[in-house]
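Each of the next two complexes has chain A plus one more chain, namely chain B in the first and chain C in the second.
Moving on, here comes the complex of A and B:
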């Protein structure tokens, strides 16, 4: 039995990228927006036919749903015959950006300025609810917010659920939606630079015989941090570990890789991945084509 | 005084903005299409609250009776007619 990564997608200000596909340039209008780029996300960035609900979602949900769609497409394009039953999402900031957007006018002008639609998105698990609703996932789902190792912790939890048979396939990863106010809140005295991004992977339990060449998550450990926003390190904040994992998966090679994330109080998540792309050269992670924004 | 058609256009634009309909323009919405239900625009109860806020914020109309709200929010046409006769802004 093995827990394998059959597909994945990454979304950040630089663009959209899938594990088995090409780098897709970002919409130039989004990339050059003076505000937070996640605030300007459109459905057509991710979907040929965007879901009717996409426009009303908050930035955190849009990023999660869009990235999930691409991860699912990537896995299917790579030949996966499985479909996830649920999703495990990790996030350091969660829907804090939305919470601030909702409460700022209320505090400034009074409760009559509370927006009903925005209120719907003031809990981070609404984003996974939107994913489950859009893609009809009826299995287990949760959001883990435990500090900067939340995304890795999500992968560890997903690995556990798959290994125990709670599900046979899951989406798992991390999403951060950040604007200037959120970034300022978590910057504190550490000069840390948190960035918006989304990383989602399709994980599957495969019984013998394995499908060779797929990255395999061997297991992980996670000790949830009670310190929450006490961030010390100044690099790769938020989705910590995901950028490293993405780079590692794209590099390929053969062997074990461990990703460790530790906060200043010593709590950590650790994930071990086995990569074997030398065995089967057909595994493609080459960026051979760049689609123009007009395509 | 704002004409009925102008009010309808304004309501459509406000609805599109408030509910995040990315691919719709005011001209895409028929004023007599039901706003709720599968045969209409497909709005839900949270959307109804947004429409109530639009009427209050932009036209000074306060809807306190839910039953009255159901009648007023039937379609853009019905809303516009109510605004024409009851607006305070």
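Moving on, here comes the complex of A and C:
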């Protein structure tokens, strides 16, 4: 039995990339826009035919749903015949951006200006609900938050659920959607370097690897250091482990790898992976066509 | 899929009845709802509402190791519940220290006051470092010196049951020896304005599963349970769990109840038990038209023709969101101890046949507790005991 990664996608300020594809940078208009690129996501960035609901979602949900779609497409294009039953999402900041977007007008103008639709998105698991709804995932699902390694911890949870047979395939990873107001709230500096990103992987339980070379998650663990607290929160918010993991998967090679993240709050997680892939080459990779956000 | 049994060693709660699981039980037994009119959000332009607020007398208590002394209400309420859980578990605080102990926090908005202050003043308040649920979980872990897995769970109103599931998973897979599961949410203008905008609140005490139900009462509460794995036959135990998603709508439940039914069946299967061995259901029962209708559909689908007695407490204490599942788990333990199913306060008449919401003897040794939430999430946990408990 092995828990393998059959597909994946990442979305960050550099652009959009899938595990078996190449980076598609944002249109220069988006890349240079002031404020947060995550605020201007369009459905056509991710979908040939965007879901009708996409435009009404908050930024956190758009990022989650869009990245999920790309990860699923990537896995299918790479030959996976499985489809996830659920999703485990890690997020440190959750929907703080949406919380502020919802409540600031209420403070300014009164409770009659509370938007019911936006309020619905002030729970990070609603983004998970949008993924489940869009892609018909009826199985186990949750959002966990545990410092900067929340996404890594989500992969550990997903690994556990797959190993114990709770599901045969899951989406797992992390999403952070932040803007200058979140940076101001968390760091006291609205101009601080902020980092939104989304990483989602399709994980499958396989009795034996159906294809040599699939990255295999061996397991992981999470700990907490009660004495490790520093009041100065890093503004490189969340998904630290995901960036390292993405880089590792793209580097290829053969052998055991470990991704460890420890943050200033005291949280730490580690994930052990075995990879056995050829170095990045063109024959086994497909190019996923992603439209620019500005199209 | 079968999981090893995980023991519930101790439990604690703070509800609108006050501090202690016993005060919760006694209030419900006396038929005395703890929800009441509240005008505390007048400064925010909100009308008087019926809410479940923890009484002011609790504010005079001391929480574990001074938690909440800085005004962090969520930490304060959590600390009170943790104290009781330690006491009923016959453990000292030192028994929660170290890498073998995990902490799972269930909350929807956690330290929401930070967001409220920021939106009001448009700037960060001083050394604001309590912003996210992760921050609150970290604070609790530091205070208790827990150095195993620490996670905050965010699955809307099903967070409590999901947190229990994650903890049970950790224990049965050997990733920890003991787990503290804490649920807390505080009454806040942030949450109340939202539910008002959704037109989901009742102007009267909520009436779970009642034919005239018209909405929920927002509330606050905290609860804590301590779990471990043991060879002893002293219960009660978390026997199994199941999670699902409706994949239907982000706020409205699937009216066929198939998502919740899926979670319930998964929990029963995980607990290696059958519907006829369930002695009672602790339902989510928010008092809204659609949630309660969905739940009855799900219960019928799984348990017909003989539906066990159903108990819902949100007519008594309001809806405490992230704390609800943990409060209801603590209640389930009390039900097993007393072999009794309490009344569902606020319920008068049901439009469906076959349901029992009145107090009754508990005739089987398994209880199923379920919760559902925004995002279409459903969670169910089977809590049971063996004949030797209570001792």
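Just so we're on the same page, the second predicted complex is superposed on the first by the 250 of 295 C-alpha atoms of A that agree within 3 Å, B and C clash if a C-alpha of one lies under 4 Å from a C-alpha of the other, contacts with A are read in each partner's own complex, and residues count from 1 in each chain.
Just so we're on the same page, a contact is a pair of C-beta atoms (placed from the backbone, for glycine too) under 8 Å apart; a residue touches a chain by one contact, two chains touch by 3 or more.
Computed from a predicted structure; not experimentally measured.
Trainee: In the superposed arrangement, which partner chain does A:52 touch: chain B (first), chain C (second), both, or neither?
Mentor: Only chain B is touched by A:52; chain C is not.
Trainee: Determine, under the contact definition given at the top, whether A:106 touches first (chain B), second (chain C), both, or neither.
Mentor: After superposing on A, A:106 lies in contact with chain C but is clear of chain B.
Trainee: Taking the superposition on A as described, I'd like to know which of chain B and chain C A:42 touches: first, second, both or neither.
Mentor: The answer is first: A:42 touches chain B but not chain C.
Trainee: Where does A:116 make contact in the superposed view: on chain B (first), on chain C (second), on both, or on neither?
Mentor: Once the two structures are laid over each other on A, A:116 reaches both partners.
Trainee: Quick check on the superposed pair: does A:150 touch chain B, chain C, both, or neither? Answer first, second, both or neither.
Mentor: Once the two structures are laid over each other on A, A:150 reaches chain C alone.
Trainee: In the overlaid three-chain picture, which partner chain does A:186 touch, first (chain B) or second (chain C), both, or neither?
Mentor: second
Trainee: Is chain A touched at more residues by chain B or by chain C?
Mentor: C
Trainee: Once the complexes are superposed, what residues of chain A are shared between the chain B interface and the chain C interface?
Mentor: 112, 115-116, 120.
Trainee: Quick one: in the complex, what on chain C touches chain A?
Mentor: 1, 3, 44-46, 99, 103, 108-109, 112, 114-116, 118-120, 122-124, 127-129, 131-135, 137-138, 141-142, 145-156, 162, 166, 169, 173, 175, 189-190, 193-199, 242-251, 259, 262, 373-377
Trainee: Which bits of chain B are touching chain A when the two form their complex?
Mentor: 18-23, 42, 46-47, 49-50, 53, 56
Trainee: For the complex, which residues does chain A have touching chain B?
Mentor: Interface residues on chain A, with respect to chain B: 42-44, 50, 52, 54-57, 112, 115-117, 120.
Trainee: Okay, in this complex, where on chain A does chain C touch?
Mentor: Touching chain C: residues 86, 92-94, 96, 99-100, 102-104, 106-107, 110-112, 114-116, 119-130, 132-133, 136-147, 150, 153, 157, 160-161, 164-166, 181, 184-188, 221-227, 229, 231, 233, 265-267 of chain A.
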